[in-house]
Each structure stands twice: as C-alpha cells, then as structure tokens.
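Here subunit A shows up in two complexes: once beside subunit B, once beside subunit C.
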Partner chain A sequence: MAEGIVRRLLSTFGFIAVAVVTAVIFLFVSIYPYIELLRTSLSDDAGRLTGANWTGAFAAQYLLLTPLLHSMSVGIGTALTATALGALLAWFSVRTDLPGARAVLPFVAIPHIIPGFQLASAWVLIFTRGGLWDTMLLGRAPVPPYGGIAIWLVLTLHLYIFSFMASAGVLSTLDSSLEEAARVAGLRPWRVLARVTLPLMVPAMLSGLLLCFAYAMEEFGAPSLLGAPTGYSTLTTSIYELATTPPLSFGSASVLSIVLGAVAVLVLIGNLRLAARTRIAMISGKASGRGKFALGRWRWPLTAVVWIFLLATSFGPLAALALTSFLDTWGHGYGPGNWTLARHAALISNPELAQAVLNTFGMAVIAAAAATLVGVVTAYGHIRLRARWAAAMDRISFLSFATPGLVIGVALTLAFGGGLINLYGTYAILVIAYIVRFSGIAVRSVSTDLARIGPDLEAAGRIAGLPPARVIARITLPIAREGIVAGFLLAFINCVKEISATSLLVSQGHETLAYEAYLRFQEGNYTQGSAVSLWMIALSLAITALAARRGGKESREILT
Partner chain B sequence: MKRRSVLGLLAATATLPLTSFAARADDSLDQLHGQAKKEGAVVMYTSVPTFLLDRWKELFEKQYPGVPVTYFRSGTGKVLARIESERRAHQVGGDVVWMADPTTFAGLVANKALISYQPPEWNKITLAKEPHGFYTAGRVLVGVLLVNKKLLPEPPKSFADLTKPEYKGKIAIASPLVSGSTNIIDGILWKDPAFGWNYFEALKKNDVLVLNDVPDVARSVASGERAAGISLTMYKYQPEFKDSPMEIVFPTEGTVLVPSPLGILAGSPHPAAAKLFYRFLLSPPAQAVLSEAGIYPARGDVLPPAGLPALKDVKSLLPDPEWIIAHQRENTARWRQTFGG
Partner chain C sequence: MTIRLERASKRYGNVTVVQDLDLEIVDGEFFTLLGASGSGKTTTLRLIAGLERLDAGRISLGGKLVNDPAAGVFAPPEQRGLGMVFQSYALWPHLTVGGNLALGLEERRMPRAEIAAKIAAAMTQVGLPDLAHRYPHELSGGQQQRVALARALVAEPRIMLLDEPLSNVDAAVREQVRTEIRALQRRLGITAILVTHDQVEAMSVSDRIGIMNEGRIVQVDRPDALYHRPRSAFVATFLGNANLLRGEATGDSVRVGEAAIQVAQPVAKGPATLMLRPECVAFGAGPNAFAAQIREATLMGSLTRYDVHVPALGRDLRIEEASVGAPRQGEVSIMLPPDRLVPLAE
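Now for the complex of A and B:
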C-alpha cells in the first residue's frame, strides 16, 4: 500500500516536485522545534533573554541533578545487565549445542515488542504484595515491585534484544578457524571462550551497551509508573511533570529536555561510528566450519535455565496482563469464578476507547505512509543522486529517531502550541510528531535495500529514455520493495506504541490506544489498562511478524 | 464556610454591573430552551470523568431537544490553558466550565473569566458557593479512608491512626503532584497544625506507599497490596470494587470535602444554552447521577450515595483554596524533598 501511494505521487507530480515538498516540510518540522526549544530554555516568562532557567536547574538539586543521577544509574545499570544477558543468550543460541537454540529469537523479542509501560505494569501486577506471585505461587516476591531496582530490571528485559542481536550477528559470521586454532594449540574449550571468542565479541557488545544505555535513558513509561511510589524521578518523568502539572514550567522543562536529548543523541552517534567500524572488521570473517561448543554435562541444566527464563519473561507479562484484563472484582483472587469479559467489550462499547482504536489506526497509517515517502525520497536522493539535501535529510532523520520522544513532545508544543502556526489540540500535531520521530526507520530500511542493489537497472531505464519519475516508479520502487514495506510496517508499529510524545501533545478526541492504556495504568485502573494493552500487543506482534517475514533479513535487524 | 474570599471580593467589586445584572436571573426554563435552540449547541470545558458527562449529555438532550452537548475534557492544567489562550484571542469557545479542583476557580474569578448567575437552583446548594454568584460547587468529592476488612479486622479510624506502628508498611496514599483531589486533602492536613509536615514525615517513616492517583489507592487496598489508604468514596461504587473486601471509613478528625466548582464563562458563544445547561446540572435528576456513582451531590435535597450518611450528619473538613494556592510552590517543593516525586 505504502509503495502504491508513493508511486502514484511520483507519477502524478514528478520526482523533483515531490522531493522538494517532502524535504522542505520534513526539514522544517524536524529543525524548527529545536530552535524554539533552545529559545525557551533561554527566555523568562515574558520572553526576555535570561540564563535563569539553566542556573536555576543546576541550583535546585531535585530539579535536574537528582533526576539526572537517577537516569544515569538506570542507563548504566540497564546497559551492563542487558549487555551481559544479551551476549550470553546470543552465545548459547548461536554457538552451542543447546536444544532449541534456533527458536530463541521470538522469545527475546516479545519483552521488547511489549511497550515499556505495559511491561512495567505487568511487573507490578506480578510482584506487588497481593499480586500474582503472592496469590498463585510462592509467598514473598523476590524483587521489589516499585522503585529504581524495578525500573532497572524491567528495562533490562525490555532492551537486552539490542545486545542479543549485535552479539548474535558477530557470532554467526565469526571466523571459527580462530577458535579451532586455539583449540588445536591445546586450550581448553572454556579458555578458548574466554581468550578468543569473548574478545572478538567486544565491539558488538559495546555497541549493544551504548544502545541499551541510550534507550534506557529515553524511556518514559516504565519509570513514570514504577518510579513515583518510591520517589525515584528520572529526567523523563521530571520533564513530563514540569510540562503537564500546573504551574507549568516550560523553561525548566526545556533545559532538562536539552540535557536528555544531548546525552541520548551523542551516545547513539557514538554507537553509529562504532557499528561502522565493527562492520569493516567483520567482512574478513567467514562463516565456515560451524564448530558448536559442546556444553557436555551442563547441557540439560543450562537448557532448563535458559528456556525457563525465556518462557517466563515472554509469557509471564502476557499472562499477567491477560489475567488482570479478565478480573471482575479486586480482592477475590484471579480464578475463573472472578472473570468477566467487560473490559474487552469496552474496546467496542466504550465510545472513548472505540474512538482511540480509530485514531490509532488513522494516525499510524498516515504517519507511516508519510515516513515511507520521506524514506524513498531521502534514500533515492542520498544513494542514487548523492545529493547534499538528501544527505542532510538522512542525518536529520537519524537524529530525530535518536531524540527521546518526550523531547520531541516538548519541542513541538513550544513550536506549534500557539503563535504563528497553531496546531495545539489537533490531530495533525500527533501525526507530525510520529513522522518526525519515526521517518528515520523508513529511511534506514529503504536505504539498506537500495544500497544493496547496484544502479545498473535504473541506468538501463534511463538509457531506454524513461523520465526520472518513471525510472523510480517502474524500477527503483520494485527493487526496494522489501525495504519499503518493512519500513512502512515498522514505522506503523512504532506509532501504535508511542506514548512519550503523545502524552504531551494529545488532546480530547485524539487519544490513541497506547495513551488510553497508559492513562489507565497511571490512575490505577489496571483491569481496563490490561485489556487495552493486550489488543495492542496482539496487533504489534502480528505486524512485527509480518514485517520480519516480508522484509527478510535486513528488517529483522531493524526490528530492534 | 468560614474562608474569606479576598480574591472573590476583589473580583466582585471590579464587576459590579454584572453582579447587579445577575440579580434578575429568573428566566424561565422554557424561555431559555427557546433561545438555546436558536444558539444550537452548548459546550462544556471540564476535567470531570467522561462516564458522568455521557450520562448528563444523554439526559439533557432528551429533556431539551435541539441543544446538543459537546465537551472538551482534559486534565486541569490543559483546560485552564485552553480557557486562558482563548480569552487572549477573544475567542471563547466554551460555555460552562466544571473542574474537579476547587483551587482553580479563584484565578478565573480574578481574571473576570466567569459571569455571575444565581438561578433558583442556586439556593438548594449547601456548600462552597462563591458569595457573588460566580461559581458554585456542582458535586462534592469526599476524601475518606479505604480499608481492606479482610486484612485489617481492626481498621484505622482516623488520619492520625495511619502513623501508628501497627500499620507500618500497610498504608497507601496518592501523590498530590498527580492527583488534584489529593492536593486538596493534603492541603487541609498541611495547614492544620495538628498534622502539618510532621504528619507526612511520620507517614514516610511508617513506610507509606505513594501511588500516582486515588483510584490506584483503591486498587492497592482492594487487592491487598496495602491494607488501608487515603482516597475517595466513589471507587467503592465502581464495578471492579463493588464486591471487593474494601470498605469506606469516615476519619474521626472529619472527612475531607472537595467541592468541584461549576461556572459559566464570560463571553461564551451560547449564553442562553450555557444558563440552561448550568441549571440542568444543578437539577435533581442530574445530581442524582452523581449519587449513583458514589459521589456526593452538591444539593442538600438529593439523596447521598446508597449506604452513606448525608454530609450534614458527618464531621467534615473544608479546604481553604486561597491558602492552598498561596502555599502551592512551597508545598510542591517540600513534597519532592520528602518523597522524591
């Protein structure tokens, strides 16, 4: 569908016209809001230039430094555990004779596909006193339901797929002759692992580490639900509070946003550099001689541990949400005698929720289609035409994708929440936020596909006398079809799950399902929140599976 | 009500002509309905939950055909921001405004954003009427203790009980930074020298659980996460709590009344429809919708929620909105220092 829209546009208006309009609009909505953000951070209420917001933020411990410290702790903690966990599981799945190793990926993916705030809610439902762990199983829960440690553990589960993918990528292309050489030289298998395999994995693990750090810092949903009860505020929760709780303080909110955005963007740029270098190192590797590591007598105990972990972390949260969504009355256990379908029926019968279903689909389709257009225009301009403007769009779409959703939300509020272009309280401002946030996905997806295929076919088309728009529509688009479809689906699914920019820009009548679910959890209506979440997760899983199948191997990497 | 409304007085003197005009607010309902039909709509700006709004919309449109109701519903901050920006642009879009938080209307009165209107229904309201007719309570949220009878055969009876060692690790409260009604409940306790911040520090020492919002306190108590908490009466009346082991206890110091103010916006696009809808909201059938939902009506002559005593029969505490407004920044900062938030 996305491909059809793009093709129709190109053949009607021609490439130049479409590219100019797309580029101008995209660059405007992606750059101008940050100018407003910077300006607000340097202005007082009357709009006069001042440094007071900055000095004030650094002076009041609770305003900037404490949340920053918490965000850094969560980021570093999550990065370390997620990296270790991901690398370990990747090694088990790729390089050992662990039974069922090939089937690991979907179970690693599920806790990532479930949005952070829903994973956090499931965490509370399971581990709080009187929760599922208590009522159904084993007495006192082994982990805290709220607070910094809970945020750290939830985000570790949510994000370790990054390290898993990076490590699995290296391990499956690693030249195993190095390991064989070490073994021939007389090293014991475990020492080969420590001396040869592990050092070779370091760059990939470092890349996973940086990704997990940045995404843990950016996360809003999980800390906002788990942090408040113990007073564990992070940069994201503080920004949200400053921008939504009266008396509103956009001056301070923009200072915190700039700090958070700068950290996240710098770390992700660092990762990009690192990944580029790692890829060069990898090309020399040959995926030959699959000498699988024999686990020996540890094989079955380890199998049990790995699979119990995978099943518990993927089905556990889903089961918690499902049981809660059926719960009729609190305090009478989770048994079938206390079940109702009322919360599921509410998705159709409750006008607010039914509207949210429509909004979610509408906004996600429009935004994903627009993101795909940005992707095609940028990828073609960047890779085929080697145009400067397209290189700029490529970079800016990446930076926007790296920018935390909450920061985009604050910036768009300041840029379009009044004044010259007033989109406050509209459907459009949410769609714009999603386009700004997720075009990078489509750009990357289409670019990967285009770069893989040489320009020969298109050259042939031009020589045959086709005008440029025709060449693109008839040759380029079909070639890059997989990338376009995958880009569309992945942008779509990210729009469906988005809550951080949404929570700041949403207005009455324009709520999305994710936002409705978030609101329900925030106010404590876990039963309705769980029902909404389940349907959202079902949609996400279905579309992610579709994208992974349609988009082939590349998109499986973009999954993350 | 004992509070002295300084801001209200200031505003009243500034808008004397309006006040005297309001004195002949005896338009008949039929007359208003006729004019409202010509205006063609009525718009409410509010933070009241949608299940109530939907019910009123249905009743009103049946009783007064030709005047469809639309509402803009959002958090307190967003509704106020909208009113403010529309006033600045001289494009008021709302007719009637109804908020949960009683501290929000002093600013509206001071900015002359409301008209004075005292229809016959006004006299039936028992509390929190702005002395010059700029707004009245439309409903009363009632802050109480919720207790889990299964877990606590001997439940706490007062706010003070919650700091006792026997309830250590068993109490849940909501955050005043998120929950507007909690900001009012806490505002009463902060101001009261018998409680003050010492009380909250004692709660903290007693390992209190601070949840985001008041419905989450109900969930926490009913599910057994905590055994008791400070919340509102209304949750006991919602389906997921109706048959739960959670019960309402009126604290002995007094139950906290949080009147939700209701008023008419100055310069509204449908002035007659605004008055008609305002009077409808204060009429017995509309007020009875509140009782069914476990919320106290503002009218004294409409029955309270089933199974609960009338407000005049319980010891109650009324908030001092001016004090709460004046100390908001200080208390917010203090809360963050104490509980992190």
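Now for the complex of A and C:
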C-alpha cells in the first residue's frame, strides 16, 4: 500500500518535473535569442548602444531598401498569382464536373512537399541553356532560368497550395442552396459565380494571399539559387550574405532580420485573425453534392489544360531531378552513354554524404521528439489546465513557426555563438534551431486532437480512482495518440527539409542532407545535388502520406 | 399559375426517386407534398424549380413547357420566374437583407428606385420593415425565415416553392409563420407548393395535399378528405393514428374475428380492411357494440387515450376521448359507428 502511494507520488512529480523542465528550456531558447537580436541591432562592435545600424541600413539603399523592394515584389507577385491559381483550381476541383476533380490534391501538394531550393534547382535544370527544355528540341525556354521572374514563378508553384486549401475548404462546406437560390432569383450560372460564389470565397482567398505573401518573403533557398546569378538580392539572401561573407556584419544582419521577421509575423497574425472572423461569417454549412457547375462545351478543353498543368508541375520537377541524378556529367547530354548510378551510391560511399545521412536522421529524430514533448506539455497545459504559462508557450511556438528560419539562425548565432553558453559549431545548436522552429507544428497537431477529447473522459478516470498523472498516461495520451504521432512525423519531415537556419548554424562535420544538396546546387554540381534531393523528396512524400493517413480528417491541413 | 407534371421520372444512378408522377396544381392553390424523407417530395419540388432535370416526362408552368427530355426542352431556374424558400433559408451571408432581396431584381436591370420600393414592400409584407440594412447572421432564426420569404416574394412571382421552410424554427414561431404564409399566399393570389414531413403543418395550411411514398403520389385530396376518407392503409397510418380491422366482406357487413361489423356503404365481397380513427370509437351502446376491457388508460391532456381489448374482434383497439374527470376503468361497452368505418383499398 505504502509502496503504491510512493510510486503514485513519484509518477505525479515525474510528470510535473518533465513539464517544468520542458517549459523552461523551450521558453528560454525561444525568447532569449530575440533579446540578443534586438540588442545587437542597437549596439556597435564594441557593444555600446547606438542607432547607427538602423540609420545606416535605411541610408544605404543596397543594404536594406533594394532587398526589401525585391522581397516585397516577389511576395506580392507570388501572393497574387498563387491566390488566383489556387482559387481557380479549388473551384474546378470542388464545384465543377471536371473529370478527375477529386484526385487534384496530391498534384497540388507535390510542388509544395518538394523543398523550395530543390524546386528552384529543378527549374534551372529544365530551363537553363543546355537544360532539358531546349535539349528536348522544344526550342528556346519560354521563361528565364534565373532572376526575379524565375523566383516569382517557382514560389507561385511552391506556395499556391495554401490558397487552394483555403478556397477548397470554403467551397466544399458552402451550402449549395446559396447558389441555387441565386439561380431561382434569376441569375445565370456565370452570374451566380460572380455575385454569390466568388464574394463568399473572398475571405478564404485573402487568407491564402497573406499566407503566400509571408512564406514567399521568408523563402531563402529559391531566391538564393535563382537570384544570385543575376544579382537579384532579397532580404533573406542579404541576411545570409551579411552573416556568412566576410567582413561579417551582424549589426546590419540583425536589422534586416528584425524587419523581415516583423513583416512575416505580422502578416501571419493578421491571417489568423482573419480566419477567426471568417468562420463566424459562414453561418450555414450544410454541404450538398448537388448542383455541380456544368462546364458544358468547355469541359474537355479545360480538362486538358488543368491536367497538363498539374502533371507538368508535379512530375516535371521530379523527372528533371531524377534524370539528372543518373547523369555522370551535367552538360554532356542525356543519353545512355552519360548514365551512372555513382551519384546515388555516393550517399553511402562518400564519407561526407554518409555522415550527412546520419546527422539528418539523428538531428531530426531528437528535434522532432523534443518538439512533440513541447507539443504535449503545451497542449495539455493550454487546453486542459488553461494555464497562463501554457498559453504563452502556445503563442510563442506559433510565432517561432511564423518567424523566418534565417532570422532564427541569426538570433541563435548571436545568443549562443559565444559568451556564457557557447554552442557555436556544435551539433546541438542545429537541434535547438529545429526545436524552436517546428515545435509549433507539434503543438497544433496535439492541440487539435486534445480539444476533441471531452473532459468527461478524464473526469471518469479520476472517479475510477486514477491520480492525475495516471489519467494523463492511461487516458489522455493514448486517445490523443494520432495527433501526437502526426505531430512527430510532421516536425521530423520539416527538420529534414530545413535549409535556412541550417545554412547559418551548420559547421564542419555537422552537415545535413538538405544542406549538402543545397551546397551542390550552389556549386553547380547538379548531378549529385539531384541524387540527394531525390532521396529526400522520396522520404518527404512517404512520411507526409503516412502523417496524412494517421491524421485522418485533419489530413488536408497536414499538407500545409 | 397552373403547374402540370406528366409521367415525370427522375433517377439518381440506379435509384428512381420520382416515378411516373402525374400532378396538376391549379392557379392560386396552396398545394402540399407530404411524405417521409426519401419519398421524393423534395426532388419533385426541385424538378419544378429547374434545379433538377427530368429523365422522362414533362413539366409545364402556366401552359408553357419548361422541361421535356424527349423534346430536348429545359428552361433553367433563372428563366422560370419562381420564388423559393429553402430549408436552410440560403440567405447570402455576404449581402445585407436588402442586398439579398435586390440581387435578382438588379439582374433584371430594374431601376434603383423601383428596387428600393419593392424591397420595402416585401419587407413590410413579412412584418420586418426596418431590417433591410442588417446582415443575415445578425438576425434571429425566425427573422431569417421571414427574410427568406420576403426574398422569394420580392420579384412578385406567380408561383412560390417552399422546401420545408419551417423545420428550422421553434414550435411557437412555426405556428405563427405558418398562418402568415397562408394569409400572404391568399392575399397575393399566387400558387404555392409546400414540401413537408409534418402532417399537422400540411393539414392546417393546404387546399390540397399529395401524399408521396417511394417516388409516387399515393393520394391527392383535400386535407379533411385525406384524414377521414383515406384510400389506403399507408395514407391512413401516415396521417394520424388509425385502427385497421382486417376481415372478409360479405356485402353489407364485414366479418372480423367472430363479429359481423355493419358498414354504411356496401363493400365488395372478399378480403377487406376497415379503418376507424381512435376518436371515432364511442363508449356506450348502439350498432356494432361490443364488450371490451380497458388495458391501459393514458391521460394526454385534453384527450385520454385507451387501449382496450375486444374479445369478439380478437384484438385490441385504440380509442381517444375528450378528457372528463378520471379515466375509465375495467369492463366497458364500445361502439363502432358504421358511417365512420372507412373501407380501404386492398
């Protein structure tokens, strides 16, 4: 009896201890770096308080204003085209009699699941001179391989899923009698589209617009590979330059980071507010499969256009990377004489790449496990205990997820690059970066599941004689298992694909696969870069599919 | 405006939801399609609205053919000039109440002043003259219901379709709105078709009711005729409670169990079913009187319900009687009035 009480007490204290340690460490690594970031932006090299970094950045056009203008152009351009594209495809797939409409989602998801820098590389492989397009006798490439326009188009493909999901969500829950009522009131089908359907989609489209804008601003890989050759600098590439190319200027880098971080975070918070308002405005939600829009004589031409687009934008990049990964030497043609398996074998035989495989899995597993722990502690504290510390963790994990990876990279470099806690050049600093960046994913995943579990289930456990800790262990966590597993898988795959924070924090011997692939592409070693990318994408697709299946009804959200 | 359906049929895949339906609704009539869910009543309404297309048969409105697959004729809903109230109201959430009413009128390029006048008139008709600037989600359920009605009427249609318009409002509002809809329809002199599964609602507002079952109309009649003179056991039991006495007709009487029951009109020889409403069974002596035992008495308020066993008939009957004092008990004599016994089609 006494032994039982001791064990119960220990398990209760064990739970509390784990929760407290998790919360303290997470809050420390998530908040302290930003204090350092702010301090650095207001200090000179000797550490004295100054506004010179800020005034200097605004005075020198090349330093802040030009990259800001470029980032804004890419962000706005991408947001507009991605929103239009996503909404249009969503409408086709949900509300019309387009053949195969239900199968659209995976093809929309593939260009998003492929990391941005790999999609950009595929773009180059296809459209550069001597690339797949002109070699396949299709004539001159219709789009530029490098520069602002290339970044815009690549990011449009990479990000339009956000607009697609938002619009498809509204369209599939839209009460179809809203449209039928307009028909009865005397509106022809196209007028119903203009006067009823489209206006009802506006909030969702706006939400997609903001998401695409923020993520386009945050993107580092694609602009760095596509912008550098033509000197098209964005905020992210400028921050990378300032923080990695001597003479290093962390003062300016921190100013740019704060500007970029502020824009991205504000836009994403705005989107959250908008989403909350939109849900209230949609009063009725009885979806009915009746009354799909008949495309009539446009049906088959539109089918051809939509499906050619979807297949080209999903299989095109995959095919380009796959083909290139089997080439011995890039630029020596695509025939069998130039084929080899050496680039794939290199993942095992090349010590550097083999190390990167181990690093990637090790870091991703540790970081994802830690992120899941943060997710469980935060979700339980926030939803069940309604504790203030947990509400703070919930918000901070969201903000960290919204913060560009490069900004986290700069902040962590400043916080742990010297001084009391010196983690510079270690394995651990990468793991910390991943935990900070991706805990928000696990928090969201676990919270969604936990919110669905009625408190009565736990109350019944207490009545049945289980102490609080045992209720969590035997009832709450097992029921929320699906969300916890999905959260782990999603955090894992995001760690594997991470490139922006990695590029700043990586050190000799601690490279990841994503970083190795990025380096190869940057050096022009397309064949090896493609081989590494191909395996990463295969892993991403497999794990995303697994997480989507586990997530069940939430699977559509998981893709984004 | 007259509505006519001839041998109308509609299938979804292999399932026939409306089958060879013939129906004529006359100008100015309040007609109700009554049936259980899945009986095809809503599909019939949607066929009339043009929201569904016939697979076979014809529909004409006011003598004008609007759907005939054999002739390749189909007028889409926007060309049919109808008003319709949807079950979910289907008020457009992005438009104000005024905007909801105006949309169809604007589409006809009606001058602004005229639109404003029509909106004001329609809103006054439904008793909400001051709400035109509000958004639907700012209104109560009953108000939304009235706005949906105003929107259906604002273009002054000659036909109004009502798809279970009252199923989403609470009981008190339902009765009031029901009376108002009926009064409005009479005043405007328009043809109305109501779809409902609520028999009380159907009987209280309709000129005629069509009872639907498995895609067919099984009986069309005035509400009182349907209730008191149903032609089939299905209609008898669908509308209220019924005692069904199965037996053998011998001409002017029907043998049920050991008893010969006298009927007012002759019944064709052979197997027969007689229907008797619980409230038509009387306690006391007279023709068709039998000894009975009360098994259970339930006070329902204004009525008391009895389940009695009648040995001569070899079965139980249900009886309803106005409540006066304590419920009856024990042995009683009951009587089946011959003119209340309705022979049903076998």
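Basically, the second predicted complex is superposed on the first by the 540 of 560 C-alpha atoms of A that agree within 3 Å, B and C clash if a C-alpha of one lies under 4 Å from a C-alpha of the other, contacts with A are read in each partner's own complex, and residues count from 1 in each chain.
Assume a residue touches a chain if its C-beta (ideal position, glycine included) is under 8 Å from a C-beta of that chain, and two chains touch if they have at least 3 such contacts.
No experiment lies behind these values; they were computed from the predicted model shown.
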item: Clash or fit (per the criteria above) of subunit B with subunit C on subunit A; value: fit
item: First (subunit B), second (subunit C), both or neither touched by A:A168; value: neither
item: Subunit B versus subunit C as contact partner of A:S233, first or second or both or neither; value: first
item: Subunit B versus subunit C as contact partner of A:T329, first or second or both or neither; value: first
item: If touched residues of subunit A are counted for subunit B and for subunit C, the larger one; value: B
item: Touched partner set for A:V357, first subunit B, second subunit C, both or neither; value: neither
item: Contacts of A:R183 with subunit B and subunit C, given as first, second, both or neither; value: second
item: Subunit B versus subunit C as contact partner of A:Y526, first or second or both or neither; value: first
item: Shortest CA-CA distance between subunit B and subunit C [superposed frame, angstrom]; value: 47
item: Those residues of subunit A which subunit B touches in one complex and subunit C touches in the other; value: none
item: Touching residues (chain side subunit C, partner subunit A) in the complex; value: 49-52, 76-78, 80-84, 86-95, 103-104, 107-108, 136-137, 151, 155, 161
item: Parts of subunit B lying in touch with subunit A, wherever the complex brings them together; value: 50, 54, 71-78, 80-82, 85, 148, 150, 175, 177-178, 209-220, 222-226, 239-246, 328-329, 333, 336-337, 339-341
item: Subunit A to subunit B touching residues, read off their complex; value: 62, 66, 128-131, 134, 146, 225, 228-233, 241, 244-248, 327-332, 342, 351-352, 418, 424-425, 507-508, 522-527
item: Residue ranges of subunit A touching subunit C (in the complex, touch as defined); value: 175, 177-178, 180-189, 191, 195-196, 199-200, 202, 280-284, 286, 290-291
